[in-house]
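Read through the structures below before going on.
Across the two complexes that follow, chain A remains constant while its partner is chain B and subsequently chain C.
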Partner chain A sequence: MFSAILWSQWKATRALVLVVTVLVFAAPLFSLQVAYTAFSPVQFVSSMQSFGALYSIMAAVAGLLVALSAWRLDHAGHHVYALALPLSRARYAAYRFTAGLVFLLPIAVGLLIGCLLVAISGLIPDGLHAYPIALTLRFTLAALVAYAVFFAISAATNKTAGMIIGVIASLFFAQYLLNVFAGNTYDILEPTVNFIFVRPGILSVFAGRWMLVDA
Partner chain B sequence: MSHAIETRNLRCRVAKSFEISDLSMHVPHRAVYGFLGPNGSGKTTTIRLLLGLMKPTGGSVVVLGMPMPERHAEVLARTGYVPERLHLYPSLTVGEAIRFHRQFYSTWDQAWANELMKQMQLEGDRRVGVLSKGESGKLMMLLALSQRPDLLVLDEPTDGLDPVVRRDILAALVEYVTDREATVLISSHLVHELERICDWVGLMDKGRLVAEMPMLEFKTGLKRLRVASAPDSLSGAPFTLLVRDRGNGSVEQWLVRGWAPAMQTYLESVGASLREVIDLDLEEGFVEMLRASRQRTG
Partner chain C sequence: MAIAAACAAATTADAQGTRADELRATRARLDRLTARWRVADSVLKAFDDSVGRSRAALDTVRAGNLRILVSKALRAEVEASARRRAGPLDTLLGTATARLTRHWIVVRQRNDSTLDTAVVAYVAKPGKAYPEGREIDVIWGPVADTLYGRGFRTAAMHLVWSDADNPVSRWLNAELNPDTTTAVAWTTVRLTLASDQTTAGHKCWNGDIDACKVMLRLVPLTDAPTQFFDSAGRRQHVERNTGLSDEPHRTNCLRGDDKACRALMAFEQWSVIPPNLLSGTVAQLAVRMGGSTALDRLIATQESPARALAITAGVPIDSVLRVWVRNARERRLPSEDMSAGIAAGSLMWILVCGVLAMRSSRWR
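Moving on to the complex of A and B:
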């Protein structure tokens, strides 16, 4: 059963996986091309650091796209076909989830190869080191987290997805009202963002330094 | 009599203005049960409830002896389902869709699937997404039959298909039922189509099961009578008076169920005079039953 689901998902996802894999493969090489023109190791590191956010965003986007494509076929058919298959809902969702995980692998491998090419290029200034495996592991972990979050949201009903969006919108609206009526005294957004993105927040893997080359 | 499908007081609110209410239906084992009703009467919702695709708000469903939706995986392993619309993955080819589907059924009969593919003239390398409505219907039927199910649930399987495709699909169905003695629940609003193949009939209207009876009883026991000098009220009638149309003259038109020629003596005993007994075909019977039901419920 899993192989059938894996196959169907592969057919629906492969073009997307290919594009994302090429992009993540190219990102470290592009960052090296830009940083190579630096005059000093400090500038080199600084230039490489400016690409840190790009890896974080690419991990989130990879997770998002693979998660959406995992359910795309079933959403298109209003889940009727999937629900009529003779297996439990939990098992079906687990198969879909696992199949999606498999498709994150080529993306991670693409990044690893790009990073390894940078590491062995001989273009990194003396005294600096490349960390291709650490960056790839971090990227993979972040992509997994994004995938799990978006998979769950995508699997939920429109009502649930609407509630999540509603909660986020309510936070912004509440902050707006506080600014209007309490004059910037209270900030509820920053603690919320910190709660989520600062360690040990569930999305903290996306924050911090994403360095391919460092001292 | 044991039943392949049995519901008791099944309820489900689908929208503010529509609900399945107190639905109690009984599909006997090895019957071909025609599930009739106009569009929007609740046939598809009922089928989804039977198969555990939706959760009822009340009542119970037992399919193949197992409660639903609690044991839906076991029931669905023995059930071939052809939904109202094609829901297969459009990026797969016909061959891939068949290979995908068969992975889920231990009873899958590949030899028969190949044979059906030839019979139905389906090409294995065509993408599901570009199939015509007729080809989609045939593919869904092929998938359902090749599972070798004990129960076939077909939701408007021939709706919108041309007569040739419709005939192919029904022929495959009849062949299967004859061969396997499976139970079939087939919904349709095309009354004539079901007349030839069904031995039981259930009639849905506005979320309620209006009538359920053997097809023979439906076809032979439903009559339109022209009666003169009938009393205002009838007591102890051996038939069921469904509709009484007094008209303008002295001759009334009655729609009755359970009519037999010997019952004429009852009419004479109450002072009425039977002028004519009119046979109704299935479609007329279907329309009259709906009319009677709507009159009763206002």
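Moving on to the complex of A and C:
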């Protein structure tokens, strides 16, 4: 059963996976091409650092696309196919979830190859070090987290999705009211953002420095 | 002709008048500033005097080599904290901690806040203007053991180093932190050396100890352009620095006339000599290599910096520099990209989201 779901999901996802894999593979090579013009190691590191955000964005996009495509056919068919199968809903969701995890692997491998090519290129200035495996592991974990979050939201009912959006909107509205009635004394957004992005927050893997080449 | 001469005379007289006005205005401004400085200085002296006299009202605490004057209300906790910190300070400063017995650290309760706050200070060496020694604040904040700990450590390092009045202290041009050099500091050394645009910097990075001595100013700089650069380096330096603007020399230098390059760079010394930012790490290394009496030796010696470092480390200066270059090349920070914490946190959230997706009530 899992192989059937894997195959059907692969057909829906492969084009996206291919495009993202190519982009992710090219990113380290492009960053090297840009940084190579630096005339000192400090500038080289600085240039490489500016690409850090790109890796985290690509990880988020990869997770989002694979998660949405996992449920796309089910949403389009109003879940008739899934209901026709002799499977519990939990087991079906587990199969879908696992299949999506598998499809993130080619993307991670693409990034690893790109990073390794940079590391062995001989173009990294003396005194600096490449971290291809560490960066690939972080990218993979970030993509998996993004995938898991979007998969869960996509799997939820419209009511749940609405509640999530409602909570976010309420926070902004509450901050607006606080600003109006209490001046700028209270800030509830910053602690919330810290709660999400500072370890062990759900999106903390995206925060911080993403460095392929560092001192 | 007569009109022209009259105009010229009038212009000259006018110019002289303007200069005289400017001079008068400057003198008046100087007088005003001097008067203000006198007022400020007298206020400061009065404050320092009152602080000095108020020391008589403080309790005395001795813990190891630390001598502390403390407000009565804080005595018990400061004494307990000092006793805990005395041992680690002995380890950090070695035999040099004995120098602390000649100095005072002050812990005062502060009354200018609704919080219970304290300030840790040390009494600097007495001078002509301040015969009782000025109190220099080190740290202040809410009363806490960590405040005292940080204050004692910083004050102790200031006080011990204040005894150093020798060529090596002038060479360092900053206070020495005798603690072990951190990986961050080694990273800074590595990047500074690897990025240095002088030939000496590159050679030092590749292990040429004589070049390191030039970079660290451990040898006298008699001819900076030739000490820091080879002929190709000099040409590159002139090519890069468009500010070196003596045009005939510059043109000749870029054509390959090394004599012109040297003449131009000798004239523009300021652009040739890179700042000496790395001496602190060498001194730290020498202190660490030299064991518990090393800092004491470094403070006491009146030898040249190179000789002083060798005496401190107990090995020849070349050996110290070899270790220094090796550390600069090899000590590095672990990658921030991945850690067990990041992995564990991420896996936890993947699991949580996966379970939530399976428990969704969409089909129910």
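The working rule: the second predicted complex is superposed on the first by the 215 of 215 C-alpha atoms of A that agree within 3 Å, B and C clash if a C-alpha of one lies under 4 Å from a C-alpha of the other, contacts with A are read in each partner's own complex, and residues count from 1 in each chain.
Assume contacts are C-beta pairs under 8 Å (C-beta built on N, C-alpha and C of every residue); 3 or more make two chains touch, one makes a residue touch a chain.
Note that the structure is predicted; figures quoted are calculated from it, not measured.
In this overlay on chain A, chain B fits alongside chain C without clashing.
After overlaying the two complexes on the shared chain, residue contacts for A:Leu83 are found with chain B and with chain C alike.
With both structures placed on the common chain, the touch criterion links A:Leu73 to chain B but leaves chain C unconnected. Among chain B and chain C, the chain that touches a larger number of residues in chain A is C. When the two complexes are overlaid on their common chain A, residue A:Ser8 makes contact with chain B while staying clear of chain C.
Legend: residue contacts after superposition of the two complexes on their common chain; A:Val205 is shown touching chain C, with no touch to chain B.
Once the two complexes are laid over each other on the shared chain, residue contacts for A:Val19 go to neither chain B nor chain C. In the superposition on chain A, contact of A:Ala169 is made with neither chain B nor chain C.
For the three-chain arrangement built by superposition, the Cα-centre angle with chain A at its corner and chain B and chain C at its ends equals 160°, in steps of 10.
After overlaying the two complexes on the shared chain, residue contacts for A:Ala161 are found with neither chain B nor chain C.
Taken over all C-alpha pairs, chain B and chain C come no nearer than 5 Å in the superposed arrangement.
Common to the chain B and chain C interfaces on chain A are residues 83. Residues 51-53, 73-77, 79, 81, 83, 85, 87-92, 96, 99-100, 103-105 of chain B are the ones touching chain A in the complex.
On chain A, the positions that touch chain C within their shared complex are 40-43, 45, 79, 82-83, 89-90, 93-94, 97, 125-129, 131, 134-135, 137-138, 141-142, 144-145, 147-149, 151-152, 155-157, 160, 199-202, 204-205, 208-211, 214-215.
Taken in their complex, chain C has these residues touching chain A: 187, 190-191, 193-195, 197, 205, 329, 332-333, 335-338, 341-350, 352-354, 356-364.
Interface of chain A with chain B (complex): residues 1, 3-4, 7-8, 11-12, 73, 76-78, 80-81, 83-88.
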